[in-house]
Amino acid sequence: MSEPVPEGIIWLIFFLPVASFAAIALWLRRAPRLAGLTTVFAIALAFALSLYTLAEVIGENGVAVGFGTHELFSAGGLIVNVGARIDGLSAVMLVVVTSVSLLVQVYSLAYMRGDRGFSRYFAYMSLFTAAMLGLILADNLIMLFAFWELVGIASYLLIGFWFHRPAAAAAAKKAFLVTRFGDLGLLAAVILIWSRAGTFDIAEINSDVVALVGLGLFGQTTLTLFALGLIAGAIGKSAQFPLHIWLPDAMEGPTPVSALIHSATMVAAGVYLLARFFPVLEASAFASDFIAWIGAVTAVGAALLAVVQTDIKRVLAYSTISQLAYLMFALGIGAYPAAVFHLMTHAFFKPLLFLGAGSVSHTTNTFDMTKMGGLRRAMPLTYITFVIGSLSLAGIIPLAGFWSKDEILIDAWDHNKAIFIFGLIAVGLTAFYMFRVISLTFHGDYRGGEPPAPDEHGVDPSHPHESPRNMTVPMAILALMAVIAGWITFGGEFQTWVNGALPQFEEGHFEWRTGIFLASTALAVAGIGGAVLIYQRGLIDVAALRAAPLVAPIDRLLANKFYMDVLAEELLVRRLFYGGGARLAAVFDVQVIDATVNGVWRATFNLGRWGRLAQNGQVQTAAAGLFVGAAVIWGVVVIF
Amino acid sequence: MTIALEEYLVVAAVLFGIGLYVALSKRNAIGVLMGIELMLNSVNLTLVAFSRFSESAVALSTQVFVVFIIAVAAAEVAVGLALAMVVYRNRHTVSIDEINLMKW
Amino acid sequence: MNGDGFPILSLLVFLPTAGALLIALLPSERVPTHALLGALPGNEAQRARWLALLIALASLGISLGLFIDFDRSAGGAAFQYTDTFTWIKADDVGFTVTYAFGVDGLSLPLVLLTSLLTTVAVLISWRIDLRPKEYFAWLLILETAVLGVFTSLDLLFFFLFWELELIPMFLLISIWGSGDRNYSAMKFVLYTVFGSAFMLVGFLAMGAAASTFDMREIREADLADAFLPVQAIFAFVLIAFAVKLPVVPFHTWLPDAHSDAPTAVSVILAGVLLKMGGYGILRLLFTIMPEVGADASLSLAILAVVSILYGALVTIRQTDLKRLVAYSSVSHMGFVLLGVSALGVTGLSGAAMQLVAHGLITGLLFVMVGLVYDRTHTREIADMRGLVHHMPIIGAVMIFAGLASLGLPALAGFVAEITVFLGAFSRHEVPTALALVGVLLAAGYMLWVLQRSFFGPRDDRWEHLEDAKSWWEYAPMAVLCGAIILLGVYPKLVMELFELGTQPIADGLQLVRAGLSDGSVAALPGLGGGGG
Amino acid sequence: MLGEVNLLGPELVLMTVGGVLLVADLFLRDRRLLMGVAIAALLGSVLYATILLADGKVGGTAFNEILVFDEYALFFQFLLAGGALAAIGASWETLGRIPSRRGEYLALILFSTTGLMLLAGTRDLIGIFVALELTSLSQYVLIGFHKDRLGSEAGLKYLLLGAIASAILLYGMALLIGLSGATNLGAIADFVGGAGPGQFEALIFATVFLIVGFGFKAAIAPFQMWVPDVYQGGPTPIAAYLSVASKAAAFAVLIRVFFEALSDDLLSEHWSTIFAVLATLSMFVGNVIAIQQDNIKRMLAYSSIAQAGTIVIGLAAISADRSELLGASGILFYLAGYTVTNLTAFLVVIAIHNKIGSYAIDDYRGLGRRAPLLALLLAFSLISLTGLPPTAGFFGKLYLFQTAVQSDLAWLAVIGVVNTAIGAAYYLRPIKAMFIDAPAEGAPLPASFRPGAALGVTLALTSAGILVIGLAPSLLIDVAEEAVRTIML
Amino acid sequence: MDSVGFHLAFWSLAAITVGGALMVIVSRNLIHAVIYLILSFIGVAGLFLTLSADFLALVQILIYVGAIAVLMLFAILLTPHAIRDNAETPMRYPAAILMGLVIAAGAFVALETDWGAMRDEAIPAQARVIGESLINHYVLPFEIGAVLLTAALVGAIALAREDEEDVPIHRDSLAQESLAQEAPGGLPEAAVAVAPPASGPAAGPSSPSAGGPSAGGGA
């Protein structure tokens, strides 16, 4: 096979951020400015190389470019390799990740200015980008899993970046643990597939193993279990029900982090994983249905929750969950190219929204929408980009979000009407909560922001102003992408590239269904209109509505996030696990095991205490001992 | 019925038992020594009985043994009484049950 | 080939003892200056620690040299650098002790680990000013004992070193320890003696049956007509290793000993002493009695899972930082047992790798806990808060260590754990699946403790704390972090050796299992004939 | 005639010099001189034995086969002479307390040693009895030699119990003689080999009484109760002497009697069980009660009971089939190691007591700093007693446990090793006190901890013995095997 | 040995022996007990005579009655403050059981054992034969016995005489005794531990130690 891209280039993409991480960690801790620039430079270079790679891969119609593997280590039958795999899917992802990362880093230069952990921030960001790129490039499951975990750690470090805030530290831990819960499934899948198929190679699993299943030579159940393991990993990483609870909390991290990691890249890794193993999903009907329904439920549920949030970033977080759920059910119903497409468009408009939120908070010191309002005059650029992003998200033609969402809906209509309904409901809700945000944030009167905490950097929020150029330019670029990124779909080429990653080549095509377009647009517009009417025009008194007899229980349900967090944290972890199982074990350890050990010793000790009483210093006792001893010996002889 | 070895041995056994009882029960250390002497006498009786009855070459040996035992017994009593005197000098008692400064 | 003739291993093992004697003989300050000795620079403590460092570095150098020079080709599976002579020979009665040293792929990395961690231990003890001469002398003697365990090729010789380790440990814990150190030291000794007591009986039974105690020969011998059933021998010896490893329920000495020992001793204890248990299982039990090992595989796996999960559960409830790390060892060492129970090269190598990885990682954790304790003088997690603010470097390395401990990829622990899982799953699916949960729990307690004690707002109480600033604090951190990363990124460095070392063991087990499956046709499936 | 007397030479030297000392005592008080003479006598005895060995006299018997000068006896002669030498070397301070009776003291030690040597070298029940009584009587006197409250009490207790034990032993001997019609062990062996069923009960009865009699001397439980009191009350050098020499000789005679006279299959089947039970009992009693002791002499006394139990493992192993040689040579090896070890421990205890006037373990606190060498030596000996490397005790235990395992007594070995663990608990206590604990407030603080010259030299020799046996046990094992082989035939 | 006279002699002597011994138990006076002991000794001597062991009977009378018993009487007289009531300790119950066991076992062995062929005649000329045997066959035990007697003699004298020059080793004190009587918790050793340090090692052989009051020997 010819090599359109030299392997060195691919590895360079990966090692550039690695190098920047190492450089910052080792030498640039005390040179924040240099650290930031190093990162930006490294990622810019990586972005350029990614573009080059993508271009070359497009030239090959997205078919995988294989490189040799490199043995990392072996142990008996186990051989662990390192290798890169470039195909349409990963090339697209490379570009998405590096581009978003680049923009976010640039934005961060301004956003994080003055933070004590500036260098540390960029080190983590480099680490994250490197890990994410490694995850994308991985050609085998072990490597994929390794980077999967590294991405999680980078996320952990970044969520807990402001570790002095207890909430941030707790959120970081929660994020890692919840995702790791899902990772167990992935790990199990890795182990399972190796023990049954003896390979980690993604391509082999996708083609050979799936083919074997088709021939009945490989257990269908095993494959389903494997797929479920992957799904578990994806659910954790992509914050799907029921493991979604970490993502809203993860908003404690710096906003650029949320933009990069928790909207565009890492959370999309779950989708990427499933997309990578799309043939496996396809081969297992149960797994497909499972993920489809998980996605459908999550899409609507998260959108509902987004409606009641007052924290702008939490709205966006639930929105992310909801959108990722779209991707999930898209994969579940077989809309693989559409899912990747939406993944890409989402990776542009969602960071944009986050950056916008960051821009807002940059001047108001808060993410609480109840303290904002009327910012559209003070921050026109932010306002415009935010609206573009919201429209794109809401799926208004001709913005990027529309095209990708439309494709998913079309496929859903074709495959599963029920899920299609869920998708439509989510569309309406999405439009509603986004414009609720816009109304509350940018319209009406300014409600004063939040004065900065004494020990933190921050500005006086009484006079809101536009953010510096370092922040607005990336937003503008993203806004542009949020508009145009969807247009690549028209020729069907995008689908073709992406399909190139599959074992069987399949030409991509573009579809248009007016009915579905009308339905979704109508719902979106209705959502927008409703939000504007309620939150901007004050058509309905929201407080009164929420207190209304029928609505109140629903409101309470939503306000408590379906009681999921309580269930998980309070009941399962704190009560059942920490207060129950773990406590039992700890008590058992002290009261039973250690007590037994000490008891044996004490018994020996007491035996001595009593035993010595026999040595009462009396000659005659001792003499009796002689005869008793004789009797004992005699007894022994008689007995034995 | 013939008086033979067995009768002597039984007498010796009884004597040994009584000696044992005396040695184990008397309060006075000298009493204990008496018990020991009774036990040794029992041994002597046994040996002499064997010397008389046993059809083997040890008739002489046993008697020699008895001589040694008697000598040793005397020596033991001498040393024992000397020790008892020392104890008495220290403690004004030779009661065995009071001689238990060291125990446990 | 490899250093024929020159007793390099004897040198390696006894060099620390020689150094210990030298340190002990150094004049203390009370002795008036001597023409020659008076010229020595520094005070008693300085001389003692510099000399100790010198010795530790020398033995580290030798270990590294061996590591580089080791024959890694397929022919290198045999013991190398062997150094043998008959030490004790009782004619007619088979009581023969061979002075026999040798390393193979299994033991060499552990030897290197030992000398590395001893060096770290010396460095981290730099500030010991209570009876420094004795302290460093005992530390070095401890190194001799551990190195002896890893290199001896004769059962009784092995046992000798195994026991030799007790005295230094007892003194180190009870003189230089903290808390209820006498209790802990005694508990440690009694536990170990209790365990090794059974081991000795097992050894003697093996030796009597094989009429040799040489591991290399005993492996070939038929133990079927031993005075004890082979299963009993196996169980006896296993008790000692289970105590050392430790396996629940033989573990309760460990948290006490660890938490009351001085930092350096905790490092050694967690880093290398526990490894003796795992090493013993691989080197002795599975090599000599593969048939029983194969039979016991499932039981071992169950024990392993219990250790992993139970250890993790108890860890979560700990309120003392050092105890927490100690209990986490129970959980992590369960992975060793799990890997061992897999019987294949993969599992065994994974177990061996876990030995090394855990040694480095937990060693680092104890170093960090020790540094923290030196400053805060408390180990109560509840008392600590926001320590990273005051000690950014220590905090960062602690976080690194914590992440390494929970199995972060690209670090040594990940390689070990995944290899263990992969190796074990094909044999014990359910236990391995359960063991996976241990990984999650590990993340739970590690992250939680980091959150509680290192993150969070500044605490004025700790305003006075200083970050690490001495070279002897930096050096151990740097070395251990480097080693953890190196092995995580390039595990082949030692995995290659482990593969070489575990291949014969796995072959033996394979042979037995083949025999077993043949035997299962026969009337008595449970009693497979003698292997080999 | 000289030929016969020649073989008695080693003992004769001791007896003669003992007599000379008794006379010299009347006009000589210089303890250096008297000690020198006694030591010279012991060295002379050893020299004589060596000359006999070199002269090829080994294996000969004399006095109508009552005396036998074989390697076995020779082994014990060396061992016992060593024990006596150490006891005398340690007695400097004791001699200082008895200015008017030094000659008697030394002479009695020599007489006692004579008796012990003869015990190992006698093949006749009458000889055994007389030798035993010679040594016992001397020891009774020596224990009570200080004539203080504790000493006299100890002496009287020892005497009364010893006499009762002797009576029991004699009863057993009498029955054995009556049954077999012989006093010579060889002749008894002939009888035992052909004993009829009607004689078996009596044989067992006699055997049991023999075990009691010898077991008393060897301090095997349940015949051990005198041990702690006597060790505590008597002069410490004598306690040391009892703990090693007396015990060694008791085992010597036990092995000889049981080997040479009673090694019939039917009988030895029972011994194995008997000795195994006794070993178990001794180890547990000794170890478990030792944990409770606060007085180091008493602790060492209980320890010696436990050690005796360990040695009995070897006896049980001899009795079980196959490994007769192993068991016996194991006992000899262990005894030698135990002798140097226990002597070291006692000698240090004496040296420390000479300075601080206390045997309380609590008073040992802080000695590691004030008397590092003594403390190290004590620690070393205690480590050896525990059975940890690199000491004589380590290999001794190893060897004995192996004999047990080889004799199908793995359970006994298990009990033995469990007891090793229990032993560690109290052996570590003085070590802890010396090296770990801080000295108590107001504890006596003498400036210098130099032991006297004699004590120092002895201590050096015994502790070197621990290390040498610990590092190069082969030599001793060879000797022990050689010694045992002579009584195997 | 079937003659009536012999029977009579045996049984009466046995009765004397055993009865004397029993009276040692029963007698409420220590001096009387010694007298009964002598009676028992004489009985044994008589039994020796019935066994034709004339020489031994003589020795028995000479040593046991003439020496041992007399020594005991002396000892009793020399311990005026000690109890004389020949009382028994609580050990008498286990002692009685043990006595029963031993007698039963001894009698069982005596009666049930096959003692082999029986001799009709006693060995002749005993005194001379024994004497010859002692200096021929048993010369070694004889020699040792001589040393033994010497040792016993010397030892008894060394113990019995009062040595004013002795340096006591254990400091007797009331504390020590009271501690010794306490429950297992309080140990007699503790008292030893409290004792002041011994005198310096350099103290000359004849100079009594200066350390501590010498309360050891006071009677």
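A, B, C, D and E label the chains in the order they appear, each numbered from 1.
The rule is short, and it goes like this: a residue touches a chain if its C-beta (ideal position, glycine included) is under 8 Å from a C-beta of that chain, and two chains touch if they have at least 3 such contacts.
Since the model is a prediction, treat every value here as computed from it, not as a measurement.
Among the remaining chains, those touching chain A and also chain D are B, C, E. Path length between chain B and chain E in the chain contact graph, taken as the least number of steps between touching chains: 1. Of the two chain pairs examined here, C-D and A-B, it is C-D that is joined by more C-beta pairs in contact. In this assembly, the chain whose C-alpha centre lies farthest from chain E is A. With respect to chain D, maximal separation of chain centres occurs for A (centres as means of Cα atoms).
The most centrally placed chain, judged by C-alpha centroids, is C. Here the spacing of chain C and chain E, counted between their Cα centres, is 63 Å. Our note on geometry: chain A versus chain C, Cα centroid distance of 38 Å, whole angstroms.
Mean C-alpha position of chain A lies 95 Å from that of chain E. Between chain B and chain D, the centres computed from C-alpha atoms are 26 Å apart.
In chain E, the residues that touch at least two other chains are 89, 91, 94-95, 98, 102, 105-106, 109, 115-116, 137-138, 141, 145, 148, 151-152, 155-156, 159, 172, 184, 187, 216-217. Each of residues 126, 129-130, 133, 137, 140-141, 144, 147-150, 155-157, 160, 164, 168, 171, 175, 178, 181, 205, 228-229, 232, 292, 298, 425 in chain D touches at least two other chains. The multi-chain contact residues of chain A, meaning those touching 2 or more other chains, are 601, 609, 612-613, 615, 617-621, 623-624, 627-628, 634. Pairs of chains in mutual contact: A-B, A-C, A-D, A-E, B-D, B-E, C-D, D-E.
Of all the residues in chain C, the ones that touch chain A in their complex are 187, 190-191, 248-249, 251-253, 310, 313-314, 316-318, 344-346, 348-350, 353, 386, 388-389, 403, 407-410, 414-415, 418-419, 421-423, 425-426, 429, 432-433, 436-437, 439-440, 443-444, 447-448, 450-451, 454-458, 490-492, 495-496, 498-499, 502-503, 506.
Those residues of chain D lying in contact with chain A across their complex are 156-157, 160-161, 164-165, 168, 204-205, 208-209, 211-212, 215-216, 221-226, 228-229, 270, 273-274, 277-278, 285, 288-292, 422, 425. Against chain D, in their complex, chain B makes its touches with residues 16, 19, 23, 29, 32-33, 36, 39-40, 42-43, 46-47, 49-50, 54-58, 61-62, 64-65, 68-69, 72, 75-76, 79-80, 82-84, 86-87, 89-91, 96, 99-104. For chain E in complex with chain D, the touching residues are 105-106, 108-109, 112-116, 137-141, 143-145, 147-148, 150-152, 154-156, 158-159, 163, 165-170, 172, 184, 187, 189-190, 192-193, 195-198, 201, 203, 205-206, 211, 216-217. Within the complex formed with chain B, the residues of chain D that make contact are 125-126, 129-130, 133, 137, 140-141, 144, 147-150, 152-157, 159-160, 163-164, 166-168, 170-171, 173-175, 177-178, 180-183, 228-229, 232-233, 292, 298.
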